[in-house]
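For clarity, chains are labelled A, B and C in written order, and residue numbers in each chain start from 1.
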Amino acid sequence: MKMKWKVFLLMVVAVFALVACGEKKEEGSGEKSTEAPKVDGKTEVVFWHAMSGQLEEVVNKLVSDFNASQDKIAVKAVFQGTYEEAITKFNTVAGTKDAPTIMQTFEVGTKYMIDTGKIEPVQKFIDAEKYDTSKWEKNITNYYAVDGVQYSMPFNSSTPILMYNKDAFKKAGLDPENPPKTYEELKVAAKALTTGDQKGFSILNYGWFIEELIAAQGGLFVNEENGRKGDATEAVFNGKEGQNVFNLISDMYKDGTFYNTGQNWDDMRAAFQSGKIAMYLDSSAGVRGIAEQAPFEVGAGYLPVPEGTDWQGVIIGGASLWMANGIAEEQQQAAWEFMKYLTSAEVQAQWHVNTGYFAINTDAYNQDIVKTEWEKYPQLKVTVDQLGATKPSTATQGALISVFPEARQKVVNAMESLYQGANPEEALNQAVKDTNQALDMANRKK
Amino acid sequence: MSIWKKSFLYMLLSVAAFIMFFPILYAFLISFMQGGEVLQGKIIPSDFSFTNYESAVQKVPLLRYLWNSFVVSTLIMVGQVLFCCLAAFAFTFIQFKGRNVLFLIFISTMMIPWEATMVPNFQTVRALGWTDTYLGLSVPFFAMAFGTFLLRQQFKTIPMEMYEATQVAGVNRFQFLFKVVLPVSKTSLVTLAIYCFLSAWNMYLWPLLVTNDERMRTVQIGLKQMQSQELATEWGVVMAGVVMVILPTLILLFLGQKRLQEGLTRGAVK
Amino acid sequence: MIAGKAQGQLKIKARRSMPSFVEGLLYLLPSILLFSVFLFYPMLKTIYLSFFLTDAQGNAELFVGLEHYSNLLQSTAFRTSMKATLLFVLYTVPAGIILALFLALLANQKLKGIGFFRTIFSSTMGMSVAASSVIWLFMYNPAIGLGNMMMKTFGMSEMQWLLSPDTALISVAISTIWMNTGFSFMILLGGLHNIDSHLYESGKIAGVSDFYTLRKITLPLLSPTLLFIVTVSLINSFQTFGQIDILTKGGPMESTNVIVYSIYKDAFVNFNIGSASAQAVLLFAFILIVTILQFKWGEKRVHYQ
């Protein structure tokens, strides 16, 4: 028996050694390719994205328009599942010949992408040809810039916005052209709007909205200037600003004026469209769809802040485009050409009108198609104005942390515990504690 | 059977059928809804037009995806049943040293969580150059401990005398497997085949990882592709896709019902 | 009836040229080969990675020994996950099998048009987890869902379904039972067909009750099929992932964060490959024990016709 165990142990050790060796080999064999793949004599640019549904149609249209507009570059758009799934796949192939040229990643993956070391900052190309970036909306590009270096190209950008049912406002005797701007006004309005089956207000159980509400008050999410001065080591969202947000939710929920809609975007929109809630926070990208489909008049307003607090603005959400490194220079250059095409005023105008996402290039808003669209859906203009009014600071620039998805889960947990009657302060502190643990782990690898 | 008992049974059947079928019926109704109708909580669509079906087919190459899913599922089904038969046969009818240990090792693979295998396997398939091929989509699933276990259970019910008799008659093991063992195990084989096919049909993450080419992708990816993130999803179109994906299965089930049951009965060991 | 062990006592003289060891391995070779490449290798790698912190690419970076394990065993989140997993198995497996058995017995009657009902009962087989989950998501929606509409019609108060930690797991379990019923029904019906009808006729002549027939004839003879269904249901239940991802994302307050979903989140969303690996290893060990117990207990009780 003893003998058997020894043999077994020996085998385990041997196998581990083998696995460990296999590991190293893989690292070393970064099949770097210097020759750009060609398709019919054109340089191929593979573009991995996570745009599904109507968005994929728009992306495909942009790509085919670009391909038709010139004869040197062939862009190939490939849908790779959700943002998370796409990153998983990117991780596995990054640095090999199977890696895409352009990779779309959500905003919370920014730090993560930089840390992989498998990407080329687009700043390199901006510098190389002294590309004029003055037309870019700074409140968007800032998110993806670290220490003045533009890492990725913003693509689909959105911010949160307060949506409300104008018909319900009229019924409740509220001014439908004057949405609440402070927490206090919000509470009063919600109280007036809560009648019968209808509740006043709702926020999706999604960490993004909490981050935004904190930033609107000028609060930070993590230390080290929101992780922009150096690697964040501690979460700070349980400060005064965070507590204001959590107290608001907790008070309104206890008051019966807040409706818990869960974690699903469409569940929340269903609650709004079916008249279950009269006000809620949505993404600016969803605004047009709601305005189009709701059987009542829809209004849009800025994010509220507590009374007496200076409104700071919103952080950009959505995703950006990253360029891979370790691929042929020619391919990178081709990818840069495509990125430039995407940021042109005409394309951006099309993008804004067809998806509801912001235009990076502010010239786009002067295009005729945008003007007609805004006449039809004035709510869209509110979202653009809100972004334009944002005051640039580390708070509104957004936090930069590698464990963002995890931090969001912790915040959601804390939100959900509010509906079970948890103390807002304790719930927030717990979320901070959990996030710190994740940050510790991540920082130890460095 | 008395008329009372009969009508009671019919009533019970109808109620059960309504409850079981309701979610599918609901999907069917949603598939005709336009724009905001779904989110406004309607149950009956305002008008029955096929526009959602048209746009579902236009949005993603659904027919191509259906074909791929069919090919991959069939390949996995055939491969799994074959490999499992061979393995189960060895575990039942061939005496050799270390057989039980080996069987235990086989069984233990059943417990390996798929999340743990996904990424390393993707690297392996990539190294083999099998991305965007039916091979990469199907081969990793050919061996299955569960199927081996199931068939071994079945093979064990075959009288050993039968095996001895064929040995005396000079039939070799391989022939014994095909001429005697498989025909009497029809029920288990069909059961296993259905199970394999369905699990393969449901795969999402693996096909997504190992394919880049639209021409190689499968139905489940297509359904996911129709749903938006952040923007409101056109649920009518998604459900039209769902209905189109299940319709072939439902028709097959209905047509095959009788034959399948007969087959299952005939193959039984008496 | 033949006991499964009969062949164990029989020794067949090896008359062939090939030693049986080699021949046995030949039959097993395809499976062994694939297992080694696609299961053992990843599993070993998982065990290996469970002792490390990993970089973005999932490569081992910093050896931390048993830290992931000790963290897990101490964390309340892991305990919640284990509890949720066990409860989920408890909710879905017995109820699912009883429902499928009930439907199978019902559909085993010789009536006109029974084929139609059989198709309906097995129809959920064709529904993918992703598609079914979306439908259930609608039905559970507290604002527009049919769940609450029905509650209202029956004069009951509205429920939070997926939004309350108290009901979320049960709600997911109900939808899971529905998804699995089609397959279980089909297999059980096949099993019922295999039972010799003479046995029922002799039972009828003896004048025993339907319930007695069920208990003394049907169930014992159905036991191999039942063992199969129990095993499949257990495996499926432990591996439940798709419905949770769509319906609850593990929430609210981690009440539906079953262990497999927790692994998925750590590996594919949070990129804590080390921690995910440690959880996978623990899950592996846990299911292994359950399965061994189940076989030990199950094999004794199964009757072969």
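One rule holds for everything that comes next: contacts are C-beta pairs under 8 Å (C-beta built on N, C-alpha and C of every residue); 3 or more make two chains touch, one makes a residue touch a chain.
This is a predicted model, so every value here is computed, not measured.
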Along touching chains only, what is the step distance from chain B to chain C?
1
If you take the mean of the Cα atoms for each chain, which one ends up farthest from chain B?
A
Mean-CA-position distance for chain C and chain B (Å):
15
Chain-centre distance (mean CA atoms) for chain A and chain C, in whole Å, is 36
Out of chain C, which residues touch more than one other chain, so two or more?
41, 45, 58, 143-144, 268
Using the touch rule from the top of the page, what residues of chain A touch 2 or more other chains?
26, 85, 88, 92, 270, 274
Junction residues of chain B, two or more chains touched
38-41, 119, 224, 227, 235
Can you list the residues on chain A that touch chain B in the complex?
26, 46, 50, 52-57, 78-83, 85, 88-89, 92-93, 96, 98, 158, 265-266, 269-270, 273-274, 283, 285-286, 289-290, 292-295, 318, 355-356
Listed in rising order, chain B residues that touch chain A in their complex are 35-36, 38-41, 59, 119, 122-123, 126, 131, 205, 208-209, 212, 214, 221, 224-235
Any idea which chain C residues touch chain B in the complex?
2, 4, 6-7, 10-12, 15-16, 19-21, 23-25, 27-28, 30-35, 37-43, 45-46, 58, 103, 106-107, 109, 111, 114-132, 134-136, 138-139, 143-146, 178, 181, 183, 186-187, 189-190, 193-194, 196, 224, 227-228, 231-232, 235, 239, 242, 260, 263-264, 267-268, 276-277, 280, 283-284, 287-288, 291, 304-305
Chain A residues touching chain C in their complex are 15-16, 19-20, 22-23, 26-27, 84-85, 87-88, 91-92, 94, 112, 115-116, 205, 260-264, 267, 270-271, 274, 276-277, 403, 405-406, 409, 412-413, 416-417, 419-420, 438, 441, 444-445
As the complex stands, chain B meets chain C at residues 6, 9-10, 12-13, 16-17, 20-21, 23-24, 26-27, 30, 38-41, 43, 83-84, 86-87, 89-99, 102, 106-121, 124, 139-140, 142-143, 145-146, 148-150, 153, 156-157, 159-160, 163-164, 167, 172-173, 187, 190-191, 194-195, 198, 201-202, 204, 219-220, 223-224, 227, 235, 238-239, 242, 245-246, 249-250, 253-254, 257-258, 260-261, 264-265, 268-270
